[in-house]
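Okay, so subunit A shows up in both of these, paired with subunit B first and subunit C after.
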Partner chain A sequence: MTIALSITDVHVTLGHNHVLKGVSLDVRPGEFVTLLGASGSGKTTLLNVIAGLQAVDSGHLTFDGVSMERTPPQKRNVGVVFQSYALFPHMSVGENVAFPLRAARRPARERKSVAEEMLALVQLPGMAGRSPASLSGGQRQRVALARALAANPGILLLDEPMAALDKQLREQMQVEVTRIQRKVGITTVSVTHDQTEALTMSDRVAIMRDGILVQVDSPEDLYRHPVDEYVAGFLGEANLLPTAGGRILDDAAGAEVDGTAVVRPEDLELVPSGEACPAWHVEGAIHLLSFQGTRFRLELLTDGGRKVVCSLPPSIDASTLVVGERARVACRNPERVHVIAATPATAAMVAA
Partner chain B sequence: MSSTVGRSLGWYRVPVVVVALLASLLLIVPFVILVATSWTGGSFILFPPEGFSLQWYTEVLDDPRWMDSFRLSLWTASLSTLIAAVLGLLGAVGLARVRSRLAQRWIRTLFIVPIALPPIAYAVGLYGVNMELGFLRGTLVTLIVGHALVALPYVFVIVSGGMSRIDPALRPAASTLGAKWPLVLWKIELPALLPYLLSGALFAFVVVFDEVVLAVFLVPPGEQTLPLRMLNASQEAFSPELTAASTLVSILAILVLAIIPVTNAVRRRRALEGVTR
Partner chain C sequence: MSVPTITMPGAPVSPAVRKPLGVSRAESRWLLWPPLVFFAVALGLPLLMLVTQSFEGGGVAYGDALDVPTFAGSLMRTIVMAVVVMVLTVVLGTAYALAIVASPVWLRFGLLAALILSLWTSIMVRSFGWMLLELPQGALHWFLGLFGLADEPLELYQTTIGMYPAMVAVMLPFAVLPVMSALQSIDREQLNAATIFGAGPLLTFRSVTWPQILPSMLSGGVLVFVMALGFYVTPLLLGGPSNMTVSGVINAQMNQANRPDIGAAMSILLVGGTMIVYLIADRLFRVSEKWG
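Let's look at the complex of A and B:
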């Protein structure tokens, strides 16, 4: 019973804070969308709007075309996994999972069988009699997920689902949550500030900044074709360099800058002196070289004072790379260079 | 004194320990003397007591007037505590649902103020009510209501403390799972508040059981609550009967208050076992 979610021009003000400034988002049935943004960007508020825990000032929210703005959370049929998991401490695991059925006054036998079925889905069979306090962090999260899915909701909402887990468990649970989401086939909106998590789990990622969705795209498109410098810098490492006419312009003063090139460190390679350089290249003094196992991380300092980060395969001969020496790096595949066309304002900013 | 605080104080701990010992002596010695005088074989309150006998205890326990007073105190205090427990619980639960922070602070203060007011103010006020309303005259209604008022802040403060320890995400979580407020109150909030309600009610009971000012004004003629009888006894014949009765009341208070740590320990052991049933 998965639904299509549609949010249109939603505004929310909390006190004197304009938290959501006209957010629009459409999520297809069964799709996994992650809201990614720094803290204070309004992503949790947007999640609460969908759940019905936060009223909107203006704008529309529909589930399968049905308006939900006036519907209380009890009647929205949403499943929410809270950051703290919010398991009810005085109920057993089984009672927690069956709680939505209890709220719907379902008979005890059905509650029991659904609880067992959901616990099996999250791979915690036979844990129904345990108390939440006796579970580990990962187990609690599975129980919270089972509880959120028990009443067969139309949409699943995850609020920073991995924040309370340690790194190793986090990676494991990312895979696990995605597996369960795919199996149930439920429309899912997740909130996180962890970009790895967003890229791993989602069909699409919505980058949020200051109450606005900056870009909503597949993880790869976000990485390859960011709409602006903020998105480029937010996802992974990026070299942002001023360009003019298909070349990198290091000394931009006085020149006509027509955009910003986004060049990922792994797309750059060394060009030996004497060899002809491709169009997309930049030159500078070696500032730092460090070995990081799977790569060498090379930092150049251009004459214009810009830092260029370059990821080199560990197989290269590093003996020629001496700090202070000059080096040239280039991107041989022009398709890998994404140019953000300059608006008048950003042109001035890049030139400055 | 091998605690970390004790050690970190170094040699400075000597005066600290001395002061602490003196302070506890100040609290304990009068009680010990009181208890000791009730053992006396003679018929005067004397310290050290003359010999050892339990005659004054048998005197108190065999005297129907003392036992009537005890029973009267027991049931009026229980009833007052019950009223205070219900009202204090509702107040604390309701206050958490007030949206405005400012209103919350004011209402909280209004609930706690009764602790600071002198009981004589209630006593005189309720006495006036008793005089005005004829059907209350001769009954214990105003005493029980007055004691419930005195007890209310204790329950309210302790249950409010429990309320603020409940994870604030639980209520929104329950509402997204389809639960309306009665279910939230019954299955989520009440179970979490139960230990606090118990402590609050026991404190309230001990306070009300010993309360004498309201009793002086509001107990109808012919009846005496236990503290009232003790007050009267101290003014009439100053016999060891009085100290024996005091000792019994103190032991009762200690036993009642001991319920709190005992139930807490039981609950903690159950939580450690990790099974709710």
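Let's look at the complex of A and C:
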């Protein structure tokens, strides 16, 4: 029984700190939405609001249209995977997983069978008798996930689920958690500051900054059409260059700038000096060239002192790229250039 | 050899090659000597004298000690008393620690201050305080009188019932502090997790809090028990002659019966017994770990 989550204009103040400043978010049943933001942006507070661990000053929270503001956390039927996993250290793995059923006073036989079923779901069959301390980090996370899903909750909340894992395990668990989430089909809200994790796992990503949701979109739309410079810079590498009339303006002084062009490094390519140049191009001195396996990363320094990053395929002949020499890079497909209109603060908010 | 020089074990002879302080562990080892010497003089020496004194008659004193009729009785009484004090102190101390942790900041400060102040005050002073409370016409009598409840003088002073509250009060900090630190080190997220997964306050306490403070309760209890075995001042002042502890009997042998060798033998038996109890408890409950 998965639910639709709706948050409307939620405000939260902690002490003198206005943490959430009017957050609205709708999550469809079965959807995976990630709250992505720097630390202090309010994303964990928003998660706590959904879980019921944080009261709201104003605003509405509904599960399937039923208001939840007055419902205590025990009665909300949410499953949470905590950042530290918060497994109970003196209980066995099976007792941990069955804890939500124990709290609901389910008979022991049901608890045992559900625990086994859940452990099978997270691919830890037969581990019910082990103690949490004897498990690896990845296994503990699976147990935490099994416990979160044991009582068949309407919504699953993940608080920085990968933060305690090392990089290799993290990628593996991202795939694994997504697989289980899809299989169970449960509405899921996750919190992270890791953009790769957000892009990999989510149906939609909500970018959070200073207590406000800046943009909520699919990973691809966020990457291709960021509403402002913050989002553009937050997700992946981006060249943010002043633009006027469909071309890049390196020397912006005195000119009529009508927006900021967002050009991704992988959309730029080298233009040999003899050739004609497409409209979206920029010229500069080679500042840095590094080989990174799947690409050459070329850094140009324009005359206006801007840094332009460009990804070149590893197959190119790098011998012509000498530091200090001049080079031109261009984007041949104008659709790949996203222009954020000028007066970004107000215009971008309206567009969102 | 005109100027006396102080040389420390292992210290470099020439000041020129001397390294900065704290460079190597071996060089700082001399810092251990002052406390070791202090302990040898303040603890080892009296104990050694006590042992020699107890063996003055060639071990006869030990036999005599066990034959002193009041000794066996007081020993039993002391052990029973220590057990009762331990149980009461642990129960009250755990409640006190829970109250500290659950209180709002201002109240927490008050509760902690009361605890620490009582720890800093001498046992003698605190026992006298309880005496003033419990005297037949004492503070408690006056207080009850305010409500018209005290027609006759109180029969509390120098009774067994009157003795326990004072002893529990004296021992309370030793039970509260370890439980409090255990409570504070419980992961907040575990309490949140219990709440999220539907547990009420009772199940949360039973399944999360209790198992994590139990070891500290046991170690606090052992400490209180061991310390209560040596109780002297408080039972003497508040329990009266009928509640004489082993320490009281030893005092009588030393100062009244004029048999210091028997007193010494009893002391050795008490210290030795206490140490055995502590070592066994330490093995079982890891008491010393809880006290860092």
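Operating definition for what follows: the second predicted complex is superposed on the first by the 343 of 352 C-alpha atoms of A that agree within 3 Å, B and C clash if a C-alpha of one lies under 4 Å from a C-alpha of the other, contacts with A are read in each partner's own complex, and residues count from 1 in each chain.
Convention: a contact is a pair of C-beta atoms (placed from the backbone, for glycine too) under 8 Å apart; a residue touches a chain by one contact, two chains touch by 3 or more.
Predicted model only: the values in this text are computed from it and were never measured.
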Quick one: on subunit A, after the overlay, do subunit B and subunit C clash, or do they fit? Just give me the call. clash
Per the contact definition in the header, classify A:P73: touching subunit B only (first), subunit C only (second), both, or neither. both
Regarding the shared-chain residue A:A151, is it in contact with subunit B (first), subunit C (second), both, or neither? both
Touched subunit A residues, subunit B compared with subunit C: B
One more residue to check, A:V227. First (subunit B), second (subunit C), both or neither? neither
Which holds for A:A104: it touches subunit B only (first), subunit C only (second), both, or neither? both
Partner chain in contact with A:A86 - subunit B first, subunit C second, else both or neither: both
Kindly list the residues of subunit A that each of subunit B and subunit C touches, one partner per complex. 51-53, 73-75, 78-80, 82-84, 86, 88-91, 99-100, 102-104, 147, 151
In their complex, what parts of subunit A are in touch with subunit C? 51-53, 73-75, 78-80, 82-84, 86, 88-91, 99-100, 102-104, 147, 151
Help me check something: in the complex, which residues belonging to subunit C touch subunit A? 187, 189-190, 192-200, 203, 207-208, 211-212
What does subunit A use to touch subunit B in their complex? 51-53, 72-80, 82-84, 86, 88-92, 99-100, 102-104, 129-131, 133-134, 147-148, 151
Touching residues of subunit B toward subunit A in the complex: what are they? 167, 169-170, 172-180, 183, 187-188, 191-192, 271, 274-277
